[in-house]
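The structures considered in this document are given below.
The same subunit A turns up in both complexes below, where it pairs with subunit B and then with subunit C.
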Partner chain A sequence: MGESMESQESNARGGRLGRRLRIERLSSYWLGGAGYFAIGLFVLIVMSLVYQSLPLLSEYSVVQMLTSSNWDPAQNEFGFMPAIVGTIYVTALSMLMGTPIAILAAIYLAEYAEGRLKTLVSSFIDVLAAIPSVIFGLVALIVVVPFVGNYLAPAVGSSATGLGIFTVSLVMAIVVTPFMISLSVESLEALPDELRETSLGVGATKWETIKLVLLRAAGPGIFSAILLGFGRVFGATIVPAMLIGGQTHVPSSPFATGQTLPTLIVNDFGELMSLPLTQSALIFVGLMLVVVVWLFNFAAMLVRRRLQRRWQY
Partner chain B sequence: MDRYTEQRLFGALARASAALVVAVMVLVVAVTIVRGGIVFLTDPAIAITPPGSRYMLEGDGGFLHAVLGSIFIVGPATVVSMILAVSTAIYLQSDYSSERFSEVVNMFLNVLWGTPPIVYGVFVLTVIIAIGARTSLFFGIVAIAIFQYPIMTRYTDEALRSAPDTVKEATYGLGATRFETALMTLRAALPGIIAGIIMGFARGVGDAATVLFTAGRSTNMPGGPFEPATTLPVLIFDQAMSFNAEVRSHAYAASFVLIIVVLGLIVVSKLLAGRYARYTPGGRHS
Partner chain C sequence: MTNAALTTENLAVTYTGNREVEAVKGVSLEFPENELTAIIGPSGCGKSTLLKSLNRLHEIQPNVEITGDVTLGGRSVYDTDEPVPELRKRIGYVPQKPTALPLSIYENVAYGLRIHGECESKAELDDRVESYLRKVNLWEEVEDRLDTPGAELSTGQIQRLCLARSLAVEPDVLLCDEVTSALDPISADQVEKTLESLKAEYTIVAVTHSMDQAKRLADEVVFLYLGELVEANDVRSFFENPQNERTREFVDGSRPVEDDDDSNSDSEPTTASVSPGR
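Moving on, here comes the complex of A and B:
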C-alpha cells in the first residue's frame, strides 16, 4: 500500500519533470529560431534586393549608371549621379553642423551637468530623439524654409525658395544630434572615475582632462556614434522628401534644390508599378543605400574594436 | 590662450551646445503643439470624422482613416515584434547559445538597428512584387514589425543584461531549467523591457518611410487586412505637400495628435519603468 503511494508520487514527479524538460526542449527550439531570425532577415533583405535589381543590372553597366547624370525613367535613362551628389552634399553638411554640437553637448551632459538639471536635459534629448521625423519636416516648412529663403540665401547672394540642400542638411543635423549625443554620453559615462581623478591629481585642468584623457579614452565610442549618425543621415527619407525640392539635377550650390537617393525612391514611386525597369532601378537605389549604410555600420564596429585596443588606458 | 581661458571657453561652449539642443527641442514641440493645437482644438471632431471622397484635394471630412490605420498597423506589429524581440534577447542573454554565436547575432542586430527605415519599406515592397500581391494594411504591419524588431531587441537585451546575475544563479541553484531561469531573469528585467517595448511602439507610430510603400497610402477608411490603408505620419507627409490650404492645416492638426501620442508614450514608458522597479529584485528606485 505504502509502496504504491510512493511510486505514484514518484511517477507524478517524473511526469512533472518530463513536462518541464519538454517545455525546456520546445523553448530551446523556439528561442534558437529567434536567434537565427536576425541573421535570416539580414540575408533575406540582401537577397531579395539583389534579385529584384538584376533586371536593371543586366541591361546597364553599374559604372555607367553611377556616373551618368541623366535621370529620366520614362526614357529608360538611369543616371544616379544627381542623387548621389545630393546625398553626399546633405550628409557632409549635416554632419559638419551636427557633430561638434553633439560632442560638446555630450561633454556637458557627461562631465558638467549634475543632479536635476542633468536628468532634465537628458530627458529633453531623449524626447528630441523620439519625435517622428515627419514632424521635424512639418515644423521646418514653417520655420526653417522661410528663414533660409528670405534671409540666409539672399545674405550669401543666392536666390532660393528655401527648399533645398541646405535646409535639409540643417534639419537633418537637428534630427541626428540627439542620437549622437546619447551614444557619446554613454561611452563617456562608462569611463572609470579613476581616469578623471588621476588626471586632475597631476594638475590638469578639467578641460585638459576632458580633451587629453576622456575624449581619447571614449574616442572609439564617440567615433562609432558619429559613423552611425552618418548612416542615419544617409538613409533619411521623410525630411529630405519634404524639404529638398525634388528636382533631379546635380545641385549647383548648397541652396539649390536637388534629390537624395531615398527621395528618388519616394518621388518616382508612383510610376514604379507600371515600368519594370524603373521598378528595378528604384530597388537598386534601395540596395545602394543598404550597402553604404551597412559599410558604415561595419566600419563603426571595426574602428571601435581596433581603437579600443590602441587607445586603452 | 592660457589653459584657464581655454577651460572657460570650452566649458561655455559645451553649455551653449546643450542649451541650443534643448532650445531646438522646445521650439519643435512648441510650434507643433501651438500651431496644431489651434487647428485641432477649434474642430477636434476631424480626428474622428471619416474622410470625404475628395479629402486630399479639398479637405472635406477628417482623418479618422489614418488614426485607425495607425492603430491597426502599429498595434499588431508591436505585438509580433515584441514576441520576436524578447525571444531573441533571451536567446542572446541566457545559456542557449555559445558566446561566439551570440556575438555574431549581436553584430547583425546592430547592423539592422542602423538600417534606414526606407530600406525595410523597399524590402517589403520587393516581397509584395515577388508574390504578386498589392500594397495593403497587412504589409504595413509586416514592415513596421521588421522596423521595430531590432529597436526592441536592443532595449530588451540591455534590460536583461542589467538584471542582477544573482537571480540567474539562485534559480539554477534551485534546479530550474534554462527556460525557467530565463523567465525569472525576464521578470527581474521587466521594467526595462516594458519601457523598451513602449519606446519601440512610439518609434513605430512615428515612422513614415516603412509604411509609405507598403500600406498603400489610402485615402479611404481601412476596409480589411488586405485592403490599402495609411498611417498618421504618411498622412501628414501627404497633407503637407497638398496645394489646398485647408488640407495643409489638417497636417498640423494630425501632427498635434501624433506628437501628443508620442510624448504620452515616452512619459508612460518612464513612469512604468520607475513603478515596476519597486517590485523586482535589484531594481532601481526612481
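Moving on, here comes the complex of A and C:
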C-alpha cells in the first residue's frame, strides 16, 4: 500500500519533470529558431538586393558608376559620385557636431547632475530621442532653413536658399545626439563605484577621474553609442529628403544643395521605377547602404571587443 | 594609546535619501600612529561608512550629511581650506573589490604620482613604481609585463596593485575596506602579509569581517554595532578581557540577538576559523 503510493508519487513527479524538460527543450528550439531567422532574414535581404542589382551590374562597371558624377536615369547615366559625396558630407558634419556635445552632455548627466535636475534633463532627452524625425524636418523647414539661408551662409560668404547639406547635417545632429547621450550615460553609470573611489582615493580630482579613468573604462560603450548614431545619420532618409534640396552635381560646399544615397532612392523611386535599369540602379544603392552599415557594425564589434578585453569593463 | 595620527570627534553620518538612516552615531575614536586599527562588527553596522568618512570619500554619494569632525595630525579634515584631493592624498583608500584602473600595471601605480606631478623624470618614476611594487611583494610577479593591462592580473595581485597605487602617493594614513574579503585564501594571506609589513610605516585603519584576521593583524580593535561605538581597545585586552557585554557576546560568537543577519561571512567563529590564512 505504502509502496504503491510512493511509486504513484514518483510517477507524478516523473510526469511533471518530464513535462518541464520537454518545455525546456522546446523553448531552446524556438529561441534558437528566432536567432537563425534573424540571420536568415539578413541573408535574404542581401541576396535579393544583389539579385535585383544584377541587370545594372551586367551592363556597367561598378568602378565607373562609383566615380562618375553624372546621374541622369532617363538617359541611362548612373553616376553615384554626387550622392556618395553628399552622404559622406552629411555623416561627417553631423558626427562632428553631435559627438562632442553628446559626450559632454553624457558626462554631465552621469557624473555631475543630481536629484531632480538630473531626472528632468534625462527625461527631456528621452523625449527628444522619441520624436519622429519627420517632426524635426518640419520644424527645421520653418526655423533652421531661413536661419541658414539668411544669416549663416551669407556670413561665411556663400549664397544659399537654406536648403542643403549643412542644414541636413545640423538637423541630423540634433536628431541623433539624444540617442548617443542616453546610451553613453548608461555605459558611464554602469561602471562600478570602486573605480571612482580608487581614483579619488589617491587624490585625483573629479575631472581627472573622468578623463583618465571613467571615459577609458566606458570607452567601448560610448564608442558603440557613437557608432549607432553614425548608422542612423548614414541611413537617414526623411530629413535629408525634406531639406537637402536635391541636386545632381557633386556638392561644391557644405552649404550647397545635394543628395545622399537614401534620398536618391526616395526621390526617384515612384516615377522612374518603370525603367528596369533605373530600378536596378536604385536597388544597387540600397545594397551599398546595407553593405556599408554591416561593415561598420562588424568593425565596431571588433574594436569594442578588443577594448573590452583589454580593460575588462 | 600612543600618538593619535587620526581622531574622530563625535562623528555622525546620516544618509538623507528616501529613508533617513543614521549610519554612524557620534563616534569618537583615536587611531594611533603607525599601528593597525581593525574595525569589526556585523554587516551594515556602519563600518565602511565610518571608514569613508575619514577621507571624505562618502561625499561622492548624494544625500549624505555629516556632523562632528575628523582630525589628521591635529588639523581638521572637514573644517579646512585644504582642497579635498590634497587631503585624500594624505589619507589613502583601498576599496573592498580589487579594482584595476583601465591602465597598464605600470600606469596603475604611476597614476597618483603623475596626477600630483611628483616625479621630475621618467627614471625617477620608474624607481618609485618599482619600489612600491616591491613593497607590496608584487614586483617579481609583474616585472616582465609592466605594460600589460592591470585587469589581466589575478584578483589577489590586483589587490596588491591597489595597495601599491595607494602607497605610491605616500599617504600618512591608509584606509582598507575589507581588502581580503573578495580573495581566495592564498591571495588573502599574501595581502595580509603585505599589510603586516606595512604597519610599521603607516597608520592603517582596516575594516574586516574576520575576527581571526583582526586578532592576527591588529594592534587596536574597534567594535562598531549599529553605528555605535561599543568598545575600542588594544587587541589583547579586546579579545581576552572585553569590557562590554555585547563585545563579549560578539567575541564568543554568540551573536547579538537584534542582529539581522544579511551576511553569512560575518565574523562568526565558525567561518572565521576556516577563513584566510590558516
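As a convention for this text, the second predicted complex is superposed on the first by the 276 of 313 C-alpha atoms of A that agree within 3 Å, B and C clash if a C-alpha of one lies under 4 Å from a C-alpha of the other, contacts with A are read in each partner's own complex, and residues count from 1 in each chain.
By definition in this document, a residue touches a chain if its C-beta (ideal position, glycine included) is under 8 Å from a C-beta of that chain, and two chains touch if they have at least 3 such contacts.
Since the model is a prediction, treat every value here as computed from it, not as a measurement.
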Superposed partners subunit B and subunit C on subunit A - clash or fit: fit
Which of subunit B and subunit C A:Phe42 touches, first, second, both or neither: first
Contacts of A:Thr205 with subunit B and subunit C, given as first, second, both or neither: both
Contacts of A:Leu302 with subunit B and subunit C, given as first, second, both or neither: neither
Subunit B or subunit C, by number of subunit A residues touched: B
First, second, both or neither for A:Ala217, with subunit B first and subunit C second: second
Partner chain(s) touched by A:Ile238 [first = subunit B, second = subunit C, both, neither]: first
Contacts of A:Leu54 with subunit B and subunit C, given as first, second, both or neither: neither
First (subunit B), second (subunit C), both or neither touched by A:Ile88: neither
Which of subunit B and subunit C A:Leu96 touches, first, second, both or neither: neither
Inter-chain angle, subunit B to subunit C through the CA centre of subunit A, in degrees rounded to a multiple of 10: 100
Lowest inter-chain C-alpha distance for subunit C and subunit B in the superposed arrangement, angstrom: 10
Subunit C-contacting residues of subunit A that also contact subunit B: 205, 208
In the complex with subunit B, residue positions of subunit A that touch it: 20-21, 23-24, 27-28, 30-39, 41-42, 44-45, 48-49, 51-52, 100-102, 104-105, 107-109, 111-113, 121, 123-128, 130-139, 141-143, 174, 177-178, 181, 205-208, 210-211, 228, 231-232, 234-238, 241-242, 262, 265-266, 269, 279, 282-283, 285-286, 289-290, 293-294, 296-298, 300-301
Subunit A - residues contacting subunit C, complex: 114-115, 192-205, 208, 212-213, 216-217, 219, 310-313
Touch list for subunit C against partner subunit A, complex: 52, 55, 57, 60, 62, 85-89, 92-97, 99-103, 111-112, 115-116, 149, 151-152, 162, 165-166, 168-169, 175
Partner subunit A, residues of subunit B touching it in the complex: 3-4, 6-7, 10-11, 13-18, 20-22, 24-29, 31-32, 35, 84, 87-88, 90-92, 94, 96-97, 101-102, 104-105, 107-112, 114-120, 122-123, 125-127, 129-130, 146, 149-150, 153, 177-180, 182, 199, 202-203, 205-209, 212-213, 233, 236-237, 240-241, 251-252, 255, 258-259, 262-263, 266, 270
